[in-house]
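Structures for review follow.
Shared between the two complexes below is chain A, which has chain B as its partner in the first and chain C in the second.
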Partner chain A sequence: MIALLATRLVQLVPTLIATSALMFFILSLGPSPTAHLQEFGNLSGEEIAKIAHEHGWDRPLPQQYLSWLGDYFRGNWGQSVRTLTPAAELILDRLPLTISIAAISLFLSVGIGVPLGAYVAVRRYQRVDYVTTFITLALMAMPAFFLALILQLFAVQLRSWTGGVVFYTSGIPDGGSIVEWFQRLALPVLALTLTHIAAWVRYQRGELLNVLGQEYVKCARAKGLPEKVVFLRHAMRNAILPIVTLIAIDMGKLLAGAVVVEAVFGLPGIGTLLIDSVTGRDTVVALDILMLVAVTMVVANTVADLIYGLLDPRVRVA
Partner chain B sequence: MSAAQPANPAAMLSTFNAGAASQAATVAQGGMARGSVPRPAVAAEQIQSEARGPFGEFVLNFREHRAAWISTWILLAMVAICLVLPYALPSPEALDAKLLDARAPGTGGHLLGTDTIGRDVLSRLVHAGRISLLIGLMVAVFAATIGALVGITAGYFGGKVDQVLMWIVNVLLTIPSLPLLIALSSVASSDSGAAAKIFKSVPPEWRIIVIMSVLGWMAISRVVRSQVISLRQQEFVEAAIALGGSHVRVMFVHILPNTVSVLAVFTTLTVSTAILSESTLSFLGLGVTLPTATWGNMLNDARDVFIVVQYWWLAWFPALAILVTVLCVNFIGDGMRDAFDPKARR
Partner chain C sequence: MWDAWDDVVRSSRTLLVALALLALTLLASGCGSASTETAEAAEGAEPQRGGSLTVSLSKEPAIINPWLAQGAMAVTWMLIDGTNDPLVLLDQGGRWQPVLAERVPTVENGDVRTTSGGGMDVHLMIRREASWSDGVPLRCDDVAFTWRTVMDKEHLLSNRLGWDALASVDCPSEREVVLRFDEPYALYMSRILALPPLPRHALEGKDFNTFWNDRITVSSGPFLFDEWQRGVRLVLRRNPRYWNAGPRQRPYLDRIVFRFVKDANTLKMQLRMTEADVAMIPTDTNLVAELKATPDVDFAAPPGAVVEQLVFQNGRPPLNNVDVRKAVAYAVDREMLTEVVLRKQVGPAHSTMVPSTPAYESSPFSRFEPSAAKVKKHLEAAGYRRSGTGPWKKGGKALELEFVAAAGSYPYRTRVAQLLQQQLEGHGIGMSITLIMPEVLYSSVAPQGRFDLGEWSELTGVEPAPALLYTCAAIPRKPQWAGKNRFRYCNPKVDALVARADRTADAAARGELIREIDSILADDAVMLPLFFPPDVVAWNQRVGGIVPNAASYHTWNLEDWWLAK
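Now for the complex of A and B:
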């Protein structure tokens, strides 16, 4: 276990360096930071060159990357060119909202999706299985933003039926009561959950069917163990192991999904900040967000590997 | 990565992502196909299958997968409509505006109505279909090409080459693709900078195709690699090497044709992922830019829920087009998986 921990931690370093370099170079292909200044038109070419020199924008790219990386890990995340405030402040300000949406959705999709997948796996080729299959397939074929739009339509309809606001279709959950917080976030969370739950149901169904076909399950049945024990102790126990790894993978998808859901519901989270920065040419903030997402994912994958190692001795031989 | 790992993360990832339809369609056709055809004796079946050849066998198995077979026809019909109908319809840019209002479906000679500035929705839908389907198809082809090249190189040479290539694949797969797509797409469509120079004269749909292909090949390379590793052990490959076949010859003449089953299935599933990603990007305003219509950016016009409440046809028709296309493509991928490997279907 110690050996696994050590290897994974050592592997973390080159991965993080490669990821950060990739992000940095992708964004450096875009407009230079001075493009913003040229647009105002009230600065001469020399003045712009001077500003560029002060910030080190005229240095070779690898050098810029190294100094940016150093700054990044020292916690100096640069300044937004749109708001002229520290980028870290902007991001940390919006982070709680995105994290709460994503975390609740993850909790719900695993909490409902996994048992549901197991339930239909046991009832394979029965009506409930066909219906679930049909719904999950449709959910997976639907663009996430359209699902969100349908939920908004539902909220509007609900409003005309009840005559009052039940769920909000957009807006900021600032302060307010817990009831209002729920009214504002229920639909975004539902939209995100619905787009993710399908994958969990399908995965769990397939995995459980796979395990149920294994020799040791047949053996357990042949021994005369009650079906309940076979299911819980032998099948389920092995079928839910990979969930640890899948949670890490799904976190990335949830973050991506949050971008879409926030855009549709007009929520001020990391996703909308990313879109605003990207369209507003705020490279500094965009890069910081991409880095944050990438680092989160790299770390999450490593942690998942380690937990898997703890749970399943077969993986420990790293 | 250890060999003792019980659940291969690569396989898991692909089931989790693309295998959506995998067991699903098996269910959809479940009991229907089986039992309806009387099973001939084994020997007779073998003789028959030899007479049919591998392709004939594939087609026969594929047709047994009812959902996939129907999907194929629906998709072909959609492609035909998108190719032919634009010639019979008014230009998607022609304006037939009622002041501050959109025509409802069926009024004023517009079968699916007009949008808020008076453009015919049906005409835009079929023009957009051309672009959306083109994007899906091209991304799949390019991603499959890159993925196959990387996968076969890694699997064939093994060792250091394999380690390095698969490390790159892992790193790229770790980063969620949508944020990366958003960044790349905005960089490529900006008006200055290095990327802008490259993409300046490229039509917007091809810009998106290039970006999505560059980020879409990793899953394919993984499945091809694992297939190649097992093929590499087989006698016909050793024979080809012993007979003095060059690396390139063995890789592309002897090994690659044998990966066609996984390659075809994953390429098909990439079509649906690409169509969905394009629609998401265009919906966010970062994909294909106007005046080129795609199903995604048609939905961008219907971003506001209150527009959709009033003019439902602006959102529902393009959304339905995406839904049907993606469902059909997924079913086809699934049918192909079963048809290539009839034994795996249970």
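Now for the complex of A and C:
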């Protein structure tokens, strides 16, 4: 186990360096961060050069990269080019909302998707299986923004039916009670959860069907074990193992989905900040956010590998 | 095995039923939320006092200091409109009205005088009662401080136009202001007096590049800055010491909350849901039809203060030939464009000057009605030949034009591009479409002239400043490619007229010169104005006092807005 831990930690460092370099140089391919200054105003060449020098944009790219990377891991995330405020402040202000939405969605999608997937697996080729397959495939094929728009229209319709606002279509409360938080966040969470539930149902169904056909399940039954024990201890326990890894991967997908959902529902999370930063050529903030996501993903995957190793001795031995 | 699993599912079902019951209870109770019952603010009704009004916007500035480059957007001025009164402003009819000044200084009333040395003085008196929200009187010192702040090279301003023409700001008395120019300067109203003075007592000694970037510490307007949560809201609250409260003790509202909503569909939803009382919505093809179908909502879609135009690249072949430019202009059916793209919300533009200021109204571009005969005449004059319905060719090479526009900035632009392509190809002129990132377009492709045709909006200003757009000096050049004459048009006659217009303070005489410039631009087919995109504002009928004003900002009279209870 210690060897596994050491291997994963050694792999983590070059992965992060490679990812950060890739992100930095890709963002550098775009127009200069001073482009928006030229677009809006009539700043003189000297004034633009002064701003560029102050931010270090006139230095060679590798030098800019090393300086940014060093600062990032020292906790100095730089200053936003657009708002002229510390980037860390901007990001940390927005982070709780995105984490809340993503975490609730993850909890709900795994909590509902996995049991539902198992349920339809044991009812293979029955009506409930066909209906669930149809709905889940439709949800998976539906882009998040489209689902979000449908939910907004649903909220408008609910209002005309009930005569009051049941769910808000956008924004976060102005102060507000827990009920208002629920009313405002219910639809974004639902939009994100529905597409992910679909994926979990499909995955769990496939995995369980695979396990149920294994020799050791047949053997358990042949030994005369009760069906409940065969299903819960032998089939389900093995079918659920890869889910640990998939949760780590799903975190990345949830963050990507949050970008779209936050934009449609007007939520001030990391997603909308990332869009604003990219469109506003605020490379400092955009890079900091992407790096945060990369670190989260890499660490989550490493933790998932380690947990998998704990749960499955074959991984430790390999 | 299935029985065991069904046990699990059965207990889950119980939970689901409980959740469904909870949801139904919430639905039935309406969650204690905002009621849909909306009182109507009838026209002419007595304004009601109090309440918090929500205005939803699709744009948000990076900083709220509109003087600095990062904050230099129309939306920034609009957001802080309630905290800043200017010396004069344009009303909804495009007429100058005094605000902090006792009267509008003009040549006619003798407040604008030419001096013996060939210069110009503008005299004005600040109202006795004018004061800042902390009780300090607003005086000439503040105007002089504003000039010094703008001209300080350490401050990263987007624009010093007008202020740089000032030789000095003198204060013969506390309230008397004299703006002294070395030579007559026509735009003294829109470039200087229409901008709100800065508070000397609050800003002197502070770093102007940072101090007012995320707050406004003192107000001269009907509201005070309360808070700004980036990406969420900016809140103004009533200024209890508003100097211009009047007998009705304006403003009527306790609070104005500006909410930032990027998505245009969500903006419309907010209006339907009464989550927003007022919404500024980016124009789009079906917007007006959608707003008409929205219950309890009024709206206005006056032509805005920018002109959407088909830009011709005058600096390189083939459009450096005036006949080719005219041929393209005669091939475009602008009536059809506005009908298809904007459902006739506005008609075609026949001038480069915005319609909200009638003093400069003219229509020299109305001559460009679609005409196959004129396309033929001008292309033949340019040496092109055509066989049958094939493409026009010169030296064996087909006439093919590169079109560029910003991707994603306005949804209607893609549609305009496609229609233009169809119309030109119908006349044997090829057109390829390239949509690129706005930053790339405006910082490199457009200023460097790497296109034949382009489509974007230009702000000519309520008092047009053609020096910025059409003079030889405004052509972008290496290394920074600064300058807004992206047509790369250079005509010494226009330069001379622009210089004269900028020195002509008399509005009527200046209007004549501006119309002459507009006429030459049409003669030379420098560009083709397409339409003035509507500046849409929509509001719930329980909001009173809104007077849409495309010449200024729709928020120009926030002190008069009120909410019916």
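By our rule, the second predicted complex is superposed on the first by the 295 of 318 C-alpha atoms of A that agree within 3 Å, B and C clash if a C-alpha of one lies under 4 Å from a C-alpha of the other, contacts with A are read in each partner's own complex, and residues count from 1 in each chain.
Note that a residue touches a chain if its C-beta (ideal position, glycine included) is under 8 Å from a C-beta of that chain, and two chains touch if they have at least 3 such contacts.
The structure presented is a predicted model; accordingly, all values stated were derived computationally and were not measured.
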Touching partner for A:Arg281 - first (chain B), second (chain C), both, neither: both
Contacts of A:Leu137 with chain B and chain C, given as first, second, both or neither: first
Partner chain(s) touched by A:Ala263 [first = chain B, second = chain C, both, neither]: both
Which superposed partner A:Arg124 touches (first chain B, second chain C, both, neither): first
Touched partner set for A:Ile48, first chain B, second chain C, both or neither: second
Which of chain B and chain C A:Gln152 touches, first, second, both or neither: both
First (chain B), second (chain C), both or neither touched by A:Thr7: neither
Interface residues of chain A shared between complexes with chain B and chain C: 30-32, 35, 149, 152-153, 155-156, 169, 263-264, 275, 281
Chain C partner contacts - residues on chain A that touch it in the complex: 30-32, 34-45, 47-48, 51, 80, 82-85, 90, 93-94, 115, 118-119, 122-123, 149, 152-153, 155-156, 158-160, 162-166, 168-172, 174, 179-180, 182-183, 226-228, 230-232, 263-266, 268, 272-273, 275-276, 280-282
Chain C residues within the chain A interface of the complex: 1-5, 7-9, 12, 26-28, 30-37, 60, 62-63, 69-70, 72-73, 156-159, 161, 209-210, 213-214, 229-233, 257, 259-263, 265-266, 269-270, 272-275, 437-440, 442-444, 447, 468, 479-482, 484
Interface residues, chain A side, partner chain B - complex: 14-15, 18-19, 22-23, 26-32, 35, 124-125, 129-130, 133-134, 136-138, 140-146, 149, 152-153, 155-156, 169, 198-199, 202-203, 205-206, 209, 241-242, 245-246, 249-250, 252-253, 255-257, 259-260, 263-264, 274-275, 278-279, 281, 286, 289-290, 293-294, 297-298, 301, 312, 314-315, 317-318
Footprint of chain A on chain B - complex, ascending: 2, 4-7, 9, 12-13, 15-17, 19-24, 27-28, 30-31, 167-168, 170-172, 174-180, 182-184, 186-188, 190-196, 272, 276, 279-280, 283-286, 296, 299, 302-303, 305-306, 308-309, 315, 319, 322-323, 326-327, 330
